[in-house]
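Reading through the structure tokens given below for one structure.
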Amino acid sequence: MKSTKFTPVPLTKAETDKKWWEIGDFFRRNSLWLLMYCTGCCAIELPPAMTSAYDMERLGMGPMATPRQADILLVSGYLSLKTLRRLIYTYEQMSEPRYVVALGSCPINGGIYHDSHAVINQLDQYIPVDVYVAGCMPNTEAVMNGFVDLMDQIKHKRANGWKKYHENYSWYKANQITSLGEVDVHDEFHE
Amino acid sequence: MNSMNNIERVKEIVEKVAKVRKFEQIDKFQIAFEIEKNDVHQTLSALKLAGWKQLSYLSAIDWIETSKFELVYVLFNWDEALYIQIRAMIEREAAEMNSIISIFPGAKYYEREAHEFFGINFPGNPDYHKQLILENWDDIPPLRKDFDPSVYSDRKFPKREYSVDYSVKDPENKSFEKIKEREKRALSLRTGGQKK
Amino acid sequence: MANIEYLLLFLVGSAVISYFLTRLNSFIGSIFTIFATMFVFVSLAAYGFNMNLDTTVSLLPWFSFSQTYLGFFFVIIIAFIYLMVSFFHPYFLDKYPYKNSYNLLFLLSLAGIIGAFYTDHFLQLFFFFEMIIWTTMFLIPQGKSREAAVSYFGFSLTGSVALLIGIFVIYQNVGRFDIQAGLAGISGTTSVFVFVLFMIAALAKLGTFPLHIWLPLAHGNAPHPFSPVLSGALVKLGAFIGILALIKINPIGPVIGAIDLALGQYIIAFIGSLSIVFGTLMAIKEDDAKKLLAYSSMSHGGYILVAFSALNGFAFAGGLYHILAHALASAGAFMAIAAVARATGTTKMKELGGMIHKMPITYLAYLIAIISMAGIPPMGGFISKWLIFQAVIDRGMILIAVAVFFGSVGSFLYVFRPLAALFLGQEFREYKHVKEAPLLMLIPTFIIMGLNIYTGVIPKQIIDFINNIIGENTAFAPVVATTFTVTATYGTLNAGLIALIFGVGVAIAFIIFILMKKSRKVELMDTYTAANFVHDEHLLHYSVDFYAPLERMYEKQSHWMKKFYDALAHKVKEVGKLAKYLFMSNNIGVTLIWILVIIVLLIGVVAL
Amino acid sequence: MIVNILVGIGIALFGFALQTSIGGINRKIVGRLQKRHGPRWYQEFIDIFKLLSKRGISHGWIYDFGVIMALGGIIATAMFMPLTVDIVAFKQFDNFFIFVYLLAVGMLGMAMSASGSGNPWASIGVMRALTTMLAYEVPFLIVALTIINVSDSSSLTAIQAFQQTAGNNWFIIALPLGGLVGVLSLMGMLGKKPFETYIAPAEIASGPMVEYGGKQLGMLFILHEISVFIEVSLFVHLFLGGASNIFIFLIKYFTVYTVVNLISNVNGRFKIDQVVKFFYKWPLLLAIIQAFIAIYLGWVI
């Protein structure tokens, strides 16, 4: 018989933090709240995902009203320049940790708008994207699969888009400025 | 037919104030007049008096071969089912057209839009040069025919570069397994986790 | 030993001195006023509590004084408010057109108040009343509007004329001007008549429905440091008269069997409840912060009336407690608004926003004042409302209960409005330079904050004093109170426990808050705007027509009273014009007729 | 005293756990009603802990202070709440009016914090919440007046004991009109449809909560759960005879909350002035009639 003696090993602060973070990850991946930024046609895939056909709520997901409350920024479809500017604004308003899920081929490579003067081609140049769901438009199973993928990534600590945004902030900012110019929008009706 | 009478009446009104270069009946409820640039204001005010009180739309067409812009004013009457298009050709170089906001104040925003997308100037409209839709535009107006959106897009927006060719025909491609796995997962999602 | 006579003379003397000092330098004059008021307050507080004041008269002929617990209760509250407000004078006086006379009138009105509550002679009571009315009438127009002073004077005059007639009726019946004997001496129809007259005086002074028009005008337009006095102190004169009428005269009339209450009292309670509802609705609608608080005073006047007319020991104690709590709360609120008005120059809520970032202490003072005003524990207003509720439930006064509860919930609505529109919300760029009020103005703010909490946590001393008043004036059983608890018909309220538990709750919440991740600080303008870029903070500040959906429901009805009084004023003017035409006409014919009439009369008199 | 406070904290914790689980179960029930699977029953716990673990934003000290004050007020109110006749932290101090007015401290704190965020939608939400409160509170208080008058005490344990003595009915039976008013007011209090105008996610972006994220929102969720606990147990104690032991309390609590939730799920949403008009029309009238019958005529079944 081997006698096993329990010796408590004091955890360092980094280790405790890691433990807490893992616990937090469990909660975070089981309760993902969406902010739907319905920019394009892919938004039509969301009603079946939410209602009785696929029932997003059983995964703990649900729609939220404002970016402050939400965990996922769900970009559904193409992004024109004007929308992108507001999308970035919204993304920066969200609470951390925050994740981005992009639906459809437009945020990936521009899709059918790849040569438009008003639509950007690649969303991850401007904000970090954790999950792309390809397809024009992706069917609802694919959308749900994308969410499950995101949960997987959170579990394995790979959904680090928001950290990347902090680390490479200047790179993202430079990209935003080349494509959009400085954020300098005037509201002529209330000046 | 009542609308035929209407068309005749409109023709009379327009011909009284402007030299009609071309008349076209597009369908039963739409007619178009092509007139001189200088007659546009008179025609519009005459038609407004006759009941075509709403300026539905104002836009332009770029005829790059003949180096002209064609301005189109679409008028609408709330009492009679007849749209009228007034078309006028203006020069493409240093394009300019006097504003019609004294007749239709709502034209203010259409003129701004036309300026933004075609570069037509509208003297008489105090803020035609202000930005309306495009934010911080830094090229030639985008709806001109000599503007190449593809080049602009390539210059402005980073493109995704594909290093691997994800050809579906490639038997060596590992991505099929991934796809199969995904399909399995999708099946389980469809059935609510129950195995069939 | 302090002598009331000397106190009065001291006040009159220092009023004159302060006039000359203010003339020399307004700051010095105001500091002198602070010390004079403080002296009076301290001597009253030191000797008055145990009825140790000297009431002998040696210098002032015809005057006579006596001290009662009831009178002292009012005097000490009002003198306290005067003292607190006098700290504001150095910073406000320069803005007023007749600043020399400001301190003079202020001290004189305080003298009037001390006289009114300590006298035992009806005519002197009337004299001191008039002294208060006249001095304050010249104080009010130093603010924004003269119309306000006219309105104030008109309604006060109605009240004091009613009071005077009542006094004469009493004299006719009893043959004495002594207050206690006079009130005790009348009975039957006379007492009903006197009751009505005294109640008219009380309603007019208290600013309750239907004699309330002057209240928002005077409160809203009075000089900023004088509004707390008007609302916290002077209005309570009406409550005093009301007690005399409702408790002391208490005419025997038909009794409503179901609630076991005389008809006269029930009518007054009903008027009080109308006043509550009306004041609440108007306050919800008002845009000027001071007028809003004025309407709230009207609604609280209604509470006081309901409390005194319920003829119940708990209600009586609750009414007195409410006088104290409301005096402190409304003085606190008005003083906070005054501090804001000093810094920004306006009291209109649509022009203000985000003052909390500049004036946090003023904000806290306002917050604590409104918590008390809305009757939320752990502040004084809760205990008084709780006592009043006991009586209302005990009597089963259902219709009045509707109004009482409506006013109680409605007060959340209107007190929150200045909080949201004026202190919270977006920070306006035009007030970037604004600073917190100066130290001298913060002293009374802190004191009133402390007292608001004190009245809500430790009711013992106050209830004990109120028990003295109950024993002195009524036959009700005293209210049982230990240090922290008050016991009434339907159970015991432990105010201290509530405060303690609230503290525990906040501590738990604070622990949760502090344990979790630290928040990221963002600008006020960085709010969710559906991702739109808004550059103007005025557009993100929701303060105009705050309760629009509710206001829309009674918008049309809200001008009825004003229209009625306008029509009445028009009629009075017409009568005046007729009189002017008849007596002061340039028309020779009218004059001739008058001469003829007089001659005929003379002949008639001579012939008789 | 310390023991009492600990019991109080225990009750508040129990209330939180109870309502959070029952809220989760009710989400499941509603899911089944809509032919969905619905979430796990402990989903609400996950939501709250997730929110607490996130890093939110702060709009200045009043934004944080208001949340703390709100949660503190609500926890304090819950600490006074009796669970059964015997399980109560502060016997004879569980006065009915404490629950109505101490609850208001919490609401004031939340309103303050929401307005302090500087978002106009938050202010609109607060306005709507206060207006709704003005609507449902008056009929409810009138019914409470009747109950206090009839049972001769305003202490909740005493009211429970009154209903449990032989010969007395539960007040929902003894005062049927009042019971109806009670249910309607409870729906207003809980912010259930058709009276949920102040949340209105699609209209004013969830009203007072528009600017909250992270721990502040988590604390507001805790606040919401505890305040639902307070309101539903208030109803149970006032109208359903309270409880003599904890199981009866659980059954009654679950029934009341589920029934109200089911009613709410087949309703649309009122406009704000419709809410006020509604409550001042029928419930107030019924409450007054009930009070007349019970107090003046003495007809209590």
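Labels for the chains are A, B, C and D, by order of writing; each one numbers its residues from 1.
Throughout what follows, contacts are C-beta pairs under 8 Å (C-beta built on N, C-alpha and C of every residue); 3 or more make two chains touch, one makes a residue touch a chain.
All values derive from a computational prediction rather than experimental measurement.
Novice: From the C-alpha centres, identify the chain that is farthest from chain D.
Specialist: The most remote chain is B.
Novice: For the chain pairs C-D and A-B, which is connected through the larger number of C-beta pairs in contact?
Specialist: Greater number of contacting C-beta pairs: C-D.
Novice: Nearest chain to the global Cα centroid?
Specialist: D
Novice: What is the distance in Å between the mean C-alpha positions of chain C and chain D?
Specialist: Chain centroid spacing, chain C to chain D, equals 35 Å.
Novice: Report the inter-chain centroid distance for chain B and chain C in whole angstrom, where each centroid is the mean of the CA atoms.
Specialist: Their C-alpha centroids are separated by 67 Å.
Novice: Could you grab the centroid distance between chain A and chain C? Build each centroid from C-alpha atoms only and quote it in angstrom.
Specialist: So the centroids are 58 Å from each other.
Novice: Enumerate the residues of chain B that touch no fewer than two other chains.
Specialist: Expected reply: 192.
Novice: Where in chain A do residues touch two or more other chains at once?
Specialist: 58, 66-68, 93, 96, 185, in rising order.
Novice: Touching two or more other chains, which residues of chain D qualify?
Specialist: Counting only residues that touch two or more other chains, chain D contributes 37, 53-57, 205, 210-211, 214.
Novice: Got a list of which chains touch which?
Specialist: Per the contact definition above, the touching pairs are A-B, A-C, A-D, C-D.
Novice: State the interface residues of chain A toward chain B in the complex, per the touch definition above.
Specialist: Against chain B, chain A makes touches at 54, 58, 81-82, 85, 108-110, 114-122, 125, 141-142, 144-145, 148, 175, 178-182, 184-185, 188.
Novice: Would you pull the chain C residues touching chain A in the complex into a rising list?
Specialist: It comes out as residues 520, 526, 528, 531-536, 539.
Novice: Taking the complex as given, what residues does chain C use to touch chain D?
Specialist: 258, 354, 356-357, 360, 363, 367, 371, 374-377, 382, 386, 389-390, 392-394, 396, 398-399, 401-402, 405-406, 409-410, 412-413, 416, 419-420, 424-427, 490-494, 497-498, 501-510, 512-513, 516-522, 524-530, 537, 540-543, 546-547, 549-550, 552-553
Novice: Taking the complex as given, what residues does chain A use to touch chain D?
Specialist: For chain A paired with chain D, touching residues are 23-24, 27-28, 30-31, 51-52, 55, 57-58, 60, 63-71, 93-97.
Novice: Applying the document's contact rule, which stretches of chain B touch chain A when the two form their complex?
Specialist: Of all residues in chain B, those touching chain A are 130, 133-136, 138-139, 142, 147, 149-150, 152-153, 156-160, 182, 185-186, 189-190, 192.
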